[in-house]
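Before anything else, here is the set of structures, which you'll find just below.
Next, two complexes with chain A in common: one pairs it with chain B, the other with chain C.
Right, the complex of A and B next:
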C-alpha cells in the first residue's frame, strides 16, 4: 500500500525558506511530532502517514546522517555514504510511489519541515548566497537534497538482480549529476541510465587510458545526439547496452588518440 | 506378369543416340536442381486435367528401405543388357546399400495416355505417352503451355546419376475408365554389343520385338507397390517420375569440387527452388493453382512463399497489382503495341538468403542476405522466366521487387526468344517487329528500374570534400519507402538521420522535451531583423541531393529583400537544444554556401540580396543526427 506524505504548498514553502535563510534550520523539537501546519495531503491514492510515522522517518534519516558525520563532520566520503544509504532508504522503505515522489511539494515538506537540519548539513550555506533554495524547496527533483536521491534510486533500481540498488554506488555524485541534471533527455529513459551506469561500472578497461569520467561524459554527448531521433523506450535492454558500449568505445578510441 | 529391359537398336534408317538426347537441353546457366524443379513443374502444370482446380506437385527424396531393396534389385536386374557399367551405370548402383531416389509426382493432371507405339497415328489430345516417354522435340499442344520445346523431360535423365527414371502414370481412357501404366527408361550412352550397334536408350517393361510396352493396370500397380513408390489414391490421375540416384550436387561450389548434398540440405534446396521459381502459380486465390510440396524421408519441408518469405511476398504483392490501375503499361511506340504490364513493390529489411535464390541471381552474399533489386519476368504460363537485376538501392536494407508480365497475345513471340531452358529473352533469335518488341520491353524495363533505384540525375558540384560514407548511409532516405506488411525479419532500427526546418523541429522530434525552447531560439534569431524588410523564410522541407562531392542537404530559402543574411546549422540533441559542446572528434554540420535561381554558387554562410528572391542553401549534413537549419538577418 502506498503512503501519502504531507505536502508543503509553494507559498508556505517560500515563506519557510525565507525563515531558514534568516534563522537557520528549525527541526522538530525532540519529543514532538513534526508539524503539519501549512501541510496538505492528497485526497486519494494511499494511506496518510501519521505523526508517529513521520517521527520514525525523521529518526531513520537522522540515524543514517549521523553515521556519515551529521551534524558536525563534513567530508566527501561521508556525503557519498549518506547519499547511497538514504537513496536506498527513501526508495526502498518509505512506501512512496512515483506519483507521490513526483510531487515537488512533498520534498518541500521533507526539506523545510521534516529534516531541514540534515539538508543544511548536506548543503551548507555558502557565503555569498546563503542556502540554495532548490536544495530545500522541491522545485527540481534532480536538485533537491532528498528528491534527487529518491530519483537516483528509482532510475537505477535494477529489479531481478541480487541487490537491486547495486548500481547506486557505481557513480559518484558529479557523474550522476551529468546524467540527471544536465542530460535531461537521457535521464528520461531509466533503462538507458541503468545501461550507462552498468557499462561504466563494468568497463574492463577502466583505469587505463583516458579518464573514466571523460569517457562517460563524452559518450553521454554521443548518446544525446542519438536521443534526438531514436525512441529509446522501444529498444530492448540488449540493444540499449550495445548502443552504450558503441558510444563508449568510440569515445575511448577518440580520447585515446589525442 | 513382370517386366524386363529392352535395348533399342539402331534402325537401318538411323536414329538418335542417347548422348544426342541428353545434350538437347544444352548447358543451362541455372543449376541442375533448379532446372529440374522448373522443367518438371512446367510439365506438370501443362498437363493439368480439365476441371482440376489444383495441381499437386510433390517431390520426395528418400532412400530405398531394406524391405524394398530386394525387389528393386531383382525387378530391375531382369533382362539387364550385359554391357560394362560405363554404358549402363544402373548395374553397379543396384548393388549399393543406400539406393536413393527422388520421385516427382503430379496429381490433378491428365496422366500419360494415348498410344504406346510411336508408329501409330494419334491426334493432339492423345499424344501424352508418346511425347513424354518415346519421342523428343515435339511442339507443344497445350493452350498456354510452357513447354515450347518439349525438352523438359530431358532434365529427368540428366538429374539421375545413372541416367534412369521410372515412370508411373494413371489416366482416364476414352471410355472414362482409370488406367495405369509403368515403364522404366534409361538414357546413357550408345554402344556396340555382339557386333550390333545400340542407341543407348533402354526401357524396362514388356519387351516386344521392336519396342517396349509398359506394364499396365494391376501389373503396374503391383510393381509400384513392391518398389514402395508413391501410388494413386481414389480416382486421382497424374504421373510420378522417379529419378534413381539423383544427382544433387551442391550448386554453390564449382562442379569439379561439388559433393552430393546431404538429404536435408538437398530437400531444403529443392523446396527453396520451388518457392522461388513457382510462387506465381502457388498464390492463394488463383482460379487454378499449383500446390508444391517437398518431402524428405517422409518429413515435409516448408516451401517459401507469400506467407513465410518477405521477398517472395513483395514480388507477389507486385504481381497482384499488375491487373489493378497501379499496374503500369509497357508500350512500344512504333509500331504501337501494348507489350506488357509492370508493377513494383518497395521493400525494407526483406532479404533473401537461400542457395536456390542465389542460383537465380537474387543474392550474392548468403550470410548477409541481400535485398531484392530485381524484376521478375513472366509470360502467360506465369512461371518465373528469370529475375533480371536492376541497380541496387542505395541502402542495403532497402530494395524493390518488380514483376513484368508479357501480354497474352505476345506470348508466342517472347516464348520464341527463350532458350530451351526458358530462362532468358534473347532478341537475336527473332526478326523484324518481333525482335523490336522484345528489345523495347527490355529497354523500357531497364529504364524503369534505373528510375526506381534512384539512379543519379541532376548532379551538382557543391563541394570538394569527399563525404562518401555519409552519402552511403544517408542515401536510403532519398528513396521513398512505402511501408507494407512485407518488411519482416529486418534488423531493429539502428540509426537514422533526420533534418528539420527552423521553427518546426520540435514537432519532428516527436514532441521531445524542451523542443519548443530550442526552436523558439532559432526563430528569435530570424525574427531579430531590424531593417524592417521582413524575415527570411525557409520554404518546404530540406532534402538530400547526391552529388559528385557526396551528399548535400538542400534547403530553399525565400529572402525578403535587400539585406545581408546568414545561415547556420546545428545538431539538435535529445533534450531539444542546439548542441553546444559536441563529443570529441565529432563531425559537425556546416553551411557550404548558396545557389541562386540561375545556378551561381556562392561559398560561405552569408549572402547578400538586393531584391526579394528565392535561393537554395547548401548544407553539409552529418550522419546520425537531427539538424536545425536557420537563416537570420546578419547583424550590421
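Right, the complex of A and C next:
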C-alpha cells in the first residue's frame, strides 16, 4: 500500500515561490507540524501521511543534509553525498509508489512547504535570477531538487544485487542529467539506463583516449537513434549490454579519429 | 500527425488485425480508451485484446526468411513518469494466420495521469546475414499501435478515506460522513473536503472492494447527490461565501482556482443553473428554495445531477 503525500496546488505553489524569492525559505517552525494548507491528497490508493509522519520525513532529510554540510557549508563533494543519501532515502524509505512520486505537486509540497531550507541550500539563489523555480516547484521531475533524486534512484534500482542502489554513485549529476534529458526514449527504459551506467562505470578504457563524458554523450545519441525503431524494453540484460557496448565502441572510435 | 518510418521493409497494415483493448473487471467489460472511473494506485488494470497476425504475409512483406522468429510485445507507459514497462511477450514462431489473445495486468502502483498501451510486432532474435533493407536486430519493430486512457487526470481527486466509524466515534451504522470545512471558502477544495466511508457498513465495504458493481455505483451516485446538496446548501446559506463570491461577477471570480468556493460555483454553473441563468442568479434561486422548501431544493439538485446516473439492476 502506497503512502500518499500532500500535493500543493499549482496556484499555492506559485504564491509560495514568490514569497520564497522575497523572504527566503520558511521551513516549518520547530515543534510544529508541516502545514497542510493549500494541500490535497489523492482520493484513494494508499494511506495518507500524518502530521507526525511529515515531521519525521523532514527530520530525516535534515539529518542527511546536515551530514553533507547543511545549512552553512557548501561543496561539490557535500552535494554529491547529499544526492546519493537522499536518493536512497526517498526511494527506499518513503513508501511512495511510482505513480505518486510522478505527481509534480507532491514535489512542490516537499520543495516549498516541507524542506524549502534544504532545497535553498542545495540550489542557492544566484545574483541575477534568485532561486530557480524548477528546483522548488515540481514542474519537471528531472529538475526538482528532490524529485530528480527519487527518479534517479528509481531508474537505477537493481533488485538483483547486494546493494540495489549501488549504481547511484556511478554517475555524477551532470552525466545523469544527460540521460534524464532523453526521457521519452533512453530514460524511459530503466533496464537500459542501468546498462548505460554499468558500462560507463566498468569501462576498462576509462581515463584513456577521449573524455569519458564525451564517450557517454556520443553513445547516448547513438542509442537514441536505435530507440526510434527498436523495442528496447523487450531485450534481455545481455542484449542491452551488447547494444550499449557497441554504441560506446562506435563513439570511442569516432572520437579518437577526430 | 507524425508518421514513423523505419529503415527497413515493414508489412502492410492488413497483415495484423487487432481488436480494441477492453478492460476486464469482476463484473463488467468496457472498451479501453475513455476516462477510467474509480481508478487509483491500488487498482491494477486488467486489459485484454485479440490480435490476428498473418505470419507468412508479415515475413514476406518485410523480406524476412520463413524461419525468422517474430513476437508480439505489449508495453505500458504512464504520462506522468514516462517510464515504460514490458507487460507481455508472446512468441509467434509458426507460419500461417495466428490468432492470439493478449491478456495483461498493468500494476496500478506504476501509473498516474494517463496510460498508453503499446502493442508491437517485432523480431524476436538477431537475423544472421539479413537481406538488404530488411530488419536485422532483435526487437526491430515491424508493426505497432497504441491506445491511451486517462486515469486521474494529473490532478487531485475527491478525498475519500475509509475508516471504521465505531472506532472513530461516528454513528456506527452510517454509510458516510462528509467532512466539510467551510471556514475559508478560498482554501483549496480538496483540502477542505473529506468524505469518510464507514468500513463497518457491509454495503460500503462491498462498494470499496469493487466499485464497478451496480450496487456500488448506485451507492456512489447517492453519495454524490448528498455531497452536492450539502456543499451547495452550506455555501448559499453562508454569508462569508456570499460576501466573497456572490457579490462578484463571473469575470471577477474565476472558478478554476481549485478553491472550495470555486468548486461550488462550477457545480452550480455546470449542473444546477437553468438555461440563460447566471451563476449568481442560480445561487440566489437555490438559496430561496432551500430556505422556503428544502425538499424541493434537494429535488432540484437531484435533477441537476441526473440522479441516479448509473443503471440500477
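Definition applied: the second predicted complex is superposed on the first by the 255 of 258 C-alpha atoms of A that agree within 3 Å, B and C clash if a C-alpha of one lies under 4 Å from a C-alpha of the other, contacts with A are read in each partner's own complex, and residues count from 1 in each chain.
Operating definition for what follows: a contact is a pair of C-beta atoms (placed from the backbone, for glycine too) under 8 Å apart; a residue touches a chain by one contact, two chains touch by 3 or more.
This structure is a prediction, so every number in the text was calculated from the model and none was measured.
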{"item": "Residue contacts with chain A in the superposition, chain B compared against chain C", "value": "C"}
{"item": "Partner chain(s) touched by A:231 [first = chain B, second = chain C, both, neither]", "value": "both"}
{"item": "Partner chain(s) touched by A:22 [first = chain B, second = chain C, both, neither]", "value": "neither"}
{"item": "Touching partner for A:239 - first (chain B), second (chain C), both, neither", "value": "both"}
{"item": "Partner chain in contact with A:141 - chain B first, chain C second, else both or neither", "value": "second"}
{"item": "Contacts of A:161 with chain B and chain C, given as first, second, both or neither", "value": "neither"}
{"item": "Touched partner set for A:7, first chain B, second chain C, both or neither", "value": "second"}
{"item": "Contacts of A:190 with chain B and chain C, given as first, second, both or neither", "value": "second"}
{"item": "Partner chain(s) touched by A:174 [first = chain B, second = chain C, both, neither]", "value": "neither"}
{"item": "Shared chain A contacts, counted only where both chain B and chain C touch the same residue", "value": "183-184, 188, 226, 228-231, 235, 239"}
{"item": "Footprint of chain A on chain C - complex, ascending", "value": "4, 6-8, 40-43, 71, 73, 75, 77-78, 80-86, 89, 108-113, 120, 122, 137-141, 152, 154, 156-162, 187-191, 257-258"}
{"item": "Complex contact set, residues of chain A against chain B", "value": "183-186, 188, 218-219, 221-231, 235-236, 239, 251, 254-255, 257-258"}
{"item": "Contacting residues of chain B [partner chain A, same complex]", "value": "492-493, 495-498, 509-510, 512-514, 571-576, 579, 581-586, 624-626"}
{"item": "Partner chain C, residues of chain A touching it in the complex", "value": "1-2, 7, 9-12, 36-46, 48, 97-103, 105, 141, 151, 154-155, 183-184, 187-190, 226, 228-235, 239"}
